[in-house]
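Next come two complexes built around chain A: one with chain B, the other with chain C.
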Partner chain A sequence: MTTDTETTSGAARRESGGAVRRYLAALRTPRGAIGAGLLGLLVLLAVLAPVLFPGGYDDQGDNALAGASGAHWMGTDELGRDIVARTIFGLRTDLTLLLTAVPASAVIGTLMGLAGVISRWLGAGMQRLLDVILGFPGIVLGMSVVLVLGTGWSALFVSILVIGLPLFGRQARAGLQVEQEREYVLAARVLGVRRRTVLTRHVLPNIVDPIVVNAAVYMVVAVFIEAGLSIVGLGIQPPIPSLGAMLNTGARYLEVHPAYVMGPGLVLLLLTLAFTLLSNALNKAVLRR
Partner chain B sequence: MNAVPQTIVPETRHDEENALLEVRGLRTEFRAAGGTVCAVNDVSLAVRRGKVLGVVGESGSGKSVTARSILRMVPEPGRVVGGEVLFEGRDLLGLSEPNMRALRGSEIAMVFQDPQSALNPVLTVGYQVAEALIVHGVDRRTARRRALELLQQVGIPDAERRIDDYPYQFSGGMRQRVVIAIALAGSPSLLIADEPTTALDVTIQAQILRLLGRLRDELDIAVLMITHDMGVVAETCDDVVVMYGGRVVEQGPAEMIFSRQEHPYTADLLKAMPRMDEDGMRRLPAIPGAPPDPAALPSGCAFHPRCRLAEDECRTTVPELAPRGGTGQAAACWVTGRGAAIPPLDRAPADGGDRPGPGGTSLLSVENVRVNVASERRSLFGRPDPVYAVDGVSLSVAGGETVGLVGESGCGKSTLARTIVGINRPAEGTVRVGPDGVDAFTGAGTRPLRSTVQYVFQDPYASLNPRRTVRQSLGEALEMRGVPRGARAAEASELMRRVGLNEGYLDRYPHAFSGGQRQRIGIARALAVQPKVLICDEPVSALDVSIQAQIINLLESLRDDLGLGYLFIAHDLSVVRHLSDRVAVMYLGKIVETGPVDAVYSSPQHPYTVALMSSSPAPDTTARDRERIVLTGDLPSPKNPPSGCRFRTRCPIGPLTHPERRICAEEEPPLAETPHGQLAACHFASEMAVLS
Partner chain C sequence: MIRFLLRRLPSVVFVLLTTTVIAFLLPRLAPGDPAAVAAGPEATQQQIAAIRAEMGLNRPLVEQYFDWLGGLLTGNLGESYQFHRPVSELIGARLGSTVELTVAATLIMIVAGVGVGVFGGSARSRLSRFTADATSTGMLAMPPFLAGLLLVILLGVTFRVLPISGEVAVLDDPVIGLQYLVLPAVALAVPMSGGIAMLVQSSMDNAWRQDYVDLAVAKGVGRRRITARHVVRNSLGPAVVAIGIRFGEMLAGAVVIEMIFARNGLGQLAVSSVQSADYNVVQVIIVGAVVIAVVVQLLTEIAMATLDPRVRLGV
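The block that comes next holds the complex of A and B.
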């Protein structure tokens, strides 16, 4: 028998662990750390909103459109409500929406992309369905959802979910097609491993990276979908605050009360920045492998 | 870094003015976050006018970086940090960038390995050749006329018509000719060819090597040829430089290097290569270990951990390249430098003396299998015409027996292998497995198929899931055999020992292993289900030369210890000769010759077999002047195979040379017995025996 004389050339190299471990490694890069810290701060603010502002978001004072003061740091809106409180509660609305709708979109989209495993026709059919979705501009799609579901949180949730499907569905299908021809997938098939096991054990772990990165990128897009639909008045309805709706109303008072748009605008900026940095860091960590 | 010994450029028989390119003490470093990697260290070499210099080495030896350093095209973050590159007396390292650019293409040109990516797919070949002239100041009309001349010169048939074709309309060999035409456009005096034939099949390789030789003779062009293939060097090169670990370890005229090696690496590497003219009764004397990682070179002589002659001095001090014997040969070795000869290395007989040998019942038999590869592509608009990549193939493998399956890319050998294990479905025919001959494609046959036949893949980097540890990969296979969870750890350790790996590596991920080690893991995974037959699909062709012998030896001892049968697929005829008991030669979906390995190799009967053997380069300069049969043209498409004998469009004894032989086009020759004991499918089978 031969003996082991070959040197393990890469022994010193870092072991690449599971997906979660690699994502955590991404958070240790400067970008990842800033992005995650910023996002953590925003989530904390949103969670603590009722504690920070026991008065809630629709406590109407008598001073409408007041400037900054000790009681109201950024002044009040057209109904005399505190802008800071409404911004933080708006952030709470947006984060709830993003952190549920985007993962839902990623999961459903991925499943649609992998449908080809069940049958060729189902896979091809799903892709055509995704093509149809892709054929509509996001805003038109969102408006049609509103027509069916009416305005409100659920319409936004569905809009964000549906608009994201082609992104994840195509990504998953492309990954599947590459992985299906990989020799380790063939090796598993030659061993007689069941299709479902091949899928979860060999295919999914190798295509999940670009999907996670895409999900982080899509968070940023989703913020704009919410804002876009709210700006045309089809988003979250008053009195519940959302960042998009506040920007929409605040824009009317831009000349008399510029701080009105600055509050939600600044938070939106920070939220976008956080997700952009995170997706960048994830992308780099994943590609470096 | 070690102290760099001052290299004395060896006194060579080639005088100074004869050297077109002279590299002295070249040093190229790659600076990365982890530290500096010295890829090329104190390399000196000379290319004589109108001669071919071969630079040979394994992966990581620095041969390609040397070539790129000469052209000052080292990829980031690499940098040439020392030495001189004298081209006709000018130091290229001191030239300004515009001057260097003017020189590239006009005086020194490069031919790349992969003709697929060396040509721009959206431009016609004529334009791409002409462009090489236009950038050096030739007007368009002249450039086009010259482009046509060049395409004719490199042997593109019907060049007037094909000049406006796009690269995808050409075969791989023809594309490489176009790449060479582009290189020739500026009438360079030096051609740097980086593995110019590695991506090509043997019969096409022979065409390209012949073309390079002709260009050298007709145009007096010098060639710097980078290669890993000792056979190519022996066939084409006048001088040889052997690199290892970023340094030149041996250099000299080709005849000297092949007849008497002065460095143990060169000597043992040549010994470790299977030969087409030697049977496989003895094990190959493999060099232990793997080529070093350039980022972690051993101290002293980089070869010392693998060298059977290593002494203390070798471990601490780098030996300098010193002339040997006044014939222009030089080597960097302390031991041979003192005048000691390299002791001969005898091939050990196979362990246990006589191997049990093939015997008994067939464990795998393929009967008349046809595979339609177009059936996958059926669309909404109906089925495309069938394309039979495998068209009526029968063969069988018994326990302890190795059946070699040889053929060029596109002949259907991998399709056949994948069909046997059920990845592709046959359109016709059956595959029977096990002693009882169960039909593998019935419901009852799936289990026997999985437990009898397993597959070893070509690319050790792609055949293991990067996300799973070795233990998980082996565990999956053991699970399929039905080994209970508790017993898997012990079985996995046993498998690792079997394939010669440390069981302590079980919890590592694939990227921590070298190519040879990964191939061992791939073999262990296949063995985990205790199969009777292994299908080895080019298992050594992606490995470094010095590793190939280790894997071949491993496969041999596994076969003899476990009584395994192998269907061994390869394009390398010497490897097949060494391992096989019987051999089958495939051409365009059909077996054209099959029989006992000795009969086929000693007296091939089919003209294609003869041509394959004749095209395979042998690592021996004395074989250089042998009569060679170089096939013309390319493999036809299986979509539309030639009528009658499929080989007739390239056959040296067919209608091409004997127009009266109409039978070749009209009637398909059956596999018929020949006087030497093998079967051959040729109407004029015995005729080739005279030529070979």
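The block that comes next holds the complex of A and C.
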């Protein structure tokens, strides 16, 4: 018995080592390299924001809505605050939100998808719940959350988390159903390996790929959710900057100060571009397997 | 098809009923007393109590729910606290604007998405493939609100060729109405056509490797004819599904686009109702949005089965 589990766990370890190597290979393709480089740069900017802009995002100058100058590369906003500084701090808000809410959604969604392991009824119940969530168009779900929690960080976090659940949950359930029928899983069960061991050692490593790809894809959607809710005034509230919130206020000054929306707009575009390229590269690497 | 619909009925009914329960419970989950909100900031305790009784908030929750559901089904949607007008009237007045926008955007999405996809899928030179790839990736990464803002800056502020805010109903005055509609519709359609294009292109790539294409080549059929008659025709199925699935996203995008272009549609109404906690309006909009999304999903499955005889409804 012990020898059995040792060999099977050895196989699983090779499997997950292979996964990491596949992702690294994805990063060496042109798309992957550009996507990863771009994302790395944006994360670095966001992390270094307090160092780059010691004045913070709330430093008000004398000139409101000033044009570009040496001191303010993209000019200032309606309260005389530097647009570049606010954009980078806004990026920080966005990235913090994405990098916490999307993984949370992936983990909880995957667990919901795997609930069928515990009992058939629980699994079916979870799928029905995911059906209901899927019925809600994203922004309508976001509005419902805002109605209960009020505007702000927590409403955005919950919205991004909940909207992603069906994506991960359905994927996990489909993966589970495919893997459960595979010979090596059947073999392990015949050998008397416990269900939980089969699940963690054999099934999970094999459904990790689609989860990683989906998480990268969902990052783009999550950026849109933040920006969408903030741009209509239901997201991050002033004075805290976020890319969407800046587009919301900037849109009022389009005719007098177009650079106001271009700063956050450009960064937002780079952010979604980075995740789109990354998810493309990961998807291709995983499919090639 | 009737058997298929009957099979799907339980799950559709379940989703819709759960949605009504969620919509019904929202105001009760939210902090604050709906009666106090409805009464306004200067109401006395007695007035609030009177309104609570009038709204039926003293009765058991289940009874309240069935009352509300009954009203929803018979078209008695209640009154908006914010505008002091019937909800049905508010929605009716704004429905046309949103329908106009989404229909126009859907048409643009189909033309642009399938166009770029077929171009990429039938391209042979590296340059044209790269162009198609770059176009669809760029469109996909461009969210509707950003496309909207860029279009406003470019065509509304810099060149001033199209109006950027407000609207005129297309049915009232087609010439002016369409001018107001172009920018918002394009902005809404752009990101979604990117996804459609990628899908069409990859399923065309796939179709090129099929045996029937080899056979056609062996028979000496021209490349253009193969593309048109075999490859494209067999590649549109997934695109139809994607267009259906994206309809929900389309509605969501419409909310944002309406804000940017100051169009007085349902999105504007939804946002202002959420901001002022106007529950009667929000509840109807939530239920309505989910009903539309679910119906479109069903229609999509039927459309796919009609297009592709291999897909059997009822599976």
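Methods note: the second predicted complex is superposed on the first by the 272 of 289 C-alpha atoms of A that agree within 3 Å, B and C clash if a C-alpha of one lies under 4 Å from a C-alpha of the other, contacts with A are read in each partner's own complex, and residues count from 1 in each chain.
Basically, a residue touches a chain if its C-beta (ideal position, glycine included) is under 8 Å from a C-beta of that chain, and two chains touch if they have at least 3 such contacts.
Since the model is a prediction, treat every value here as computed from it, not as a measurement.
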item	value
Touched partner set for A:152, first chain B, second chain C, both or neither	neither
First, second, both or neither for A:128, with chain B first and chain C second	second
Touching partner for A:269 - first (chain B), second (chain C), both, neither	second
Chain B versus chain C as contact partner of A:61, first or second or both or neither	neither
Which superposed partner A:205 touches (first chain B, second chain C, both, neither)	first
Partner chain(s) touched by A:137 [first = chain B, second = chain C, both, neither]	second
Residues of chain A contacting chain B in one complex and chain C in the other	none
Chain A-facing residues of chain B, complex	288-290, 292-293, 296, 305, 418, 421-423, 446-447, 450, 453-455, 457-459, 462-468, 473, 476-477, 480, 497-502, 505, 508-509, 511-514, 516-517, 522, 525-526, 529, 547, 550, 553-554, 557, 561
Residues of chain A touching chain C in the complex	128, 131-132, 135-140, 143-144, 146-148, 150, 220, 223-224, 227-228, 231-234, 247, 251, 254-255, 258, 261-262, 265, 268-269, 272-273, 276-277, 280
Touching residues on chain C, where the partner in the complex is chain A	11, 14-16, 18-19, 22-23, 26-27, 29-31, 137-138, 140-143, 145-146, 149-150, 152-153, 156-157, 164, 248-249, 251-253, 255-256, 259-260, 267, 270-271, 274-275, 277, 279, 282, 285-286, 289-290, 293-294
Chain A - residues contacting chain B, complex	1-13, 15-16, 18-19, 182-184, 186-193, 201-202, 205-206, 289
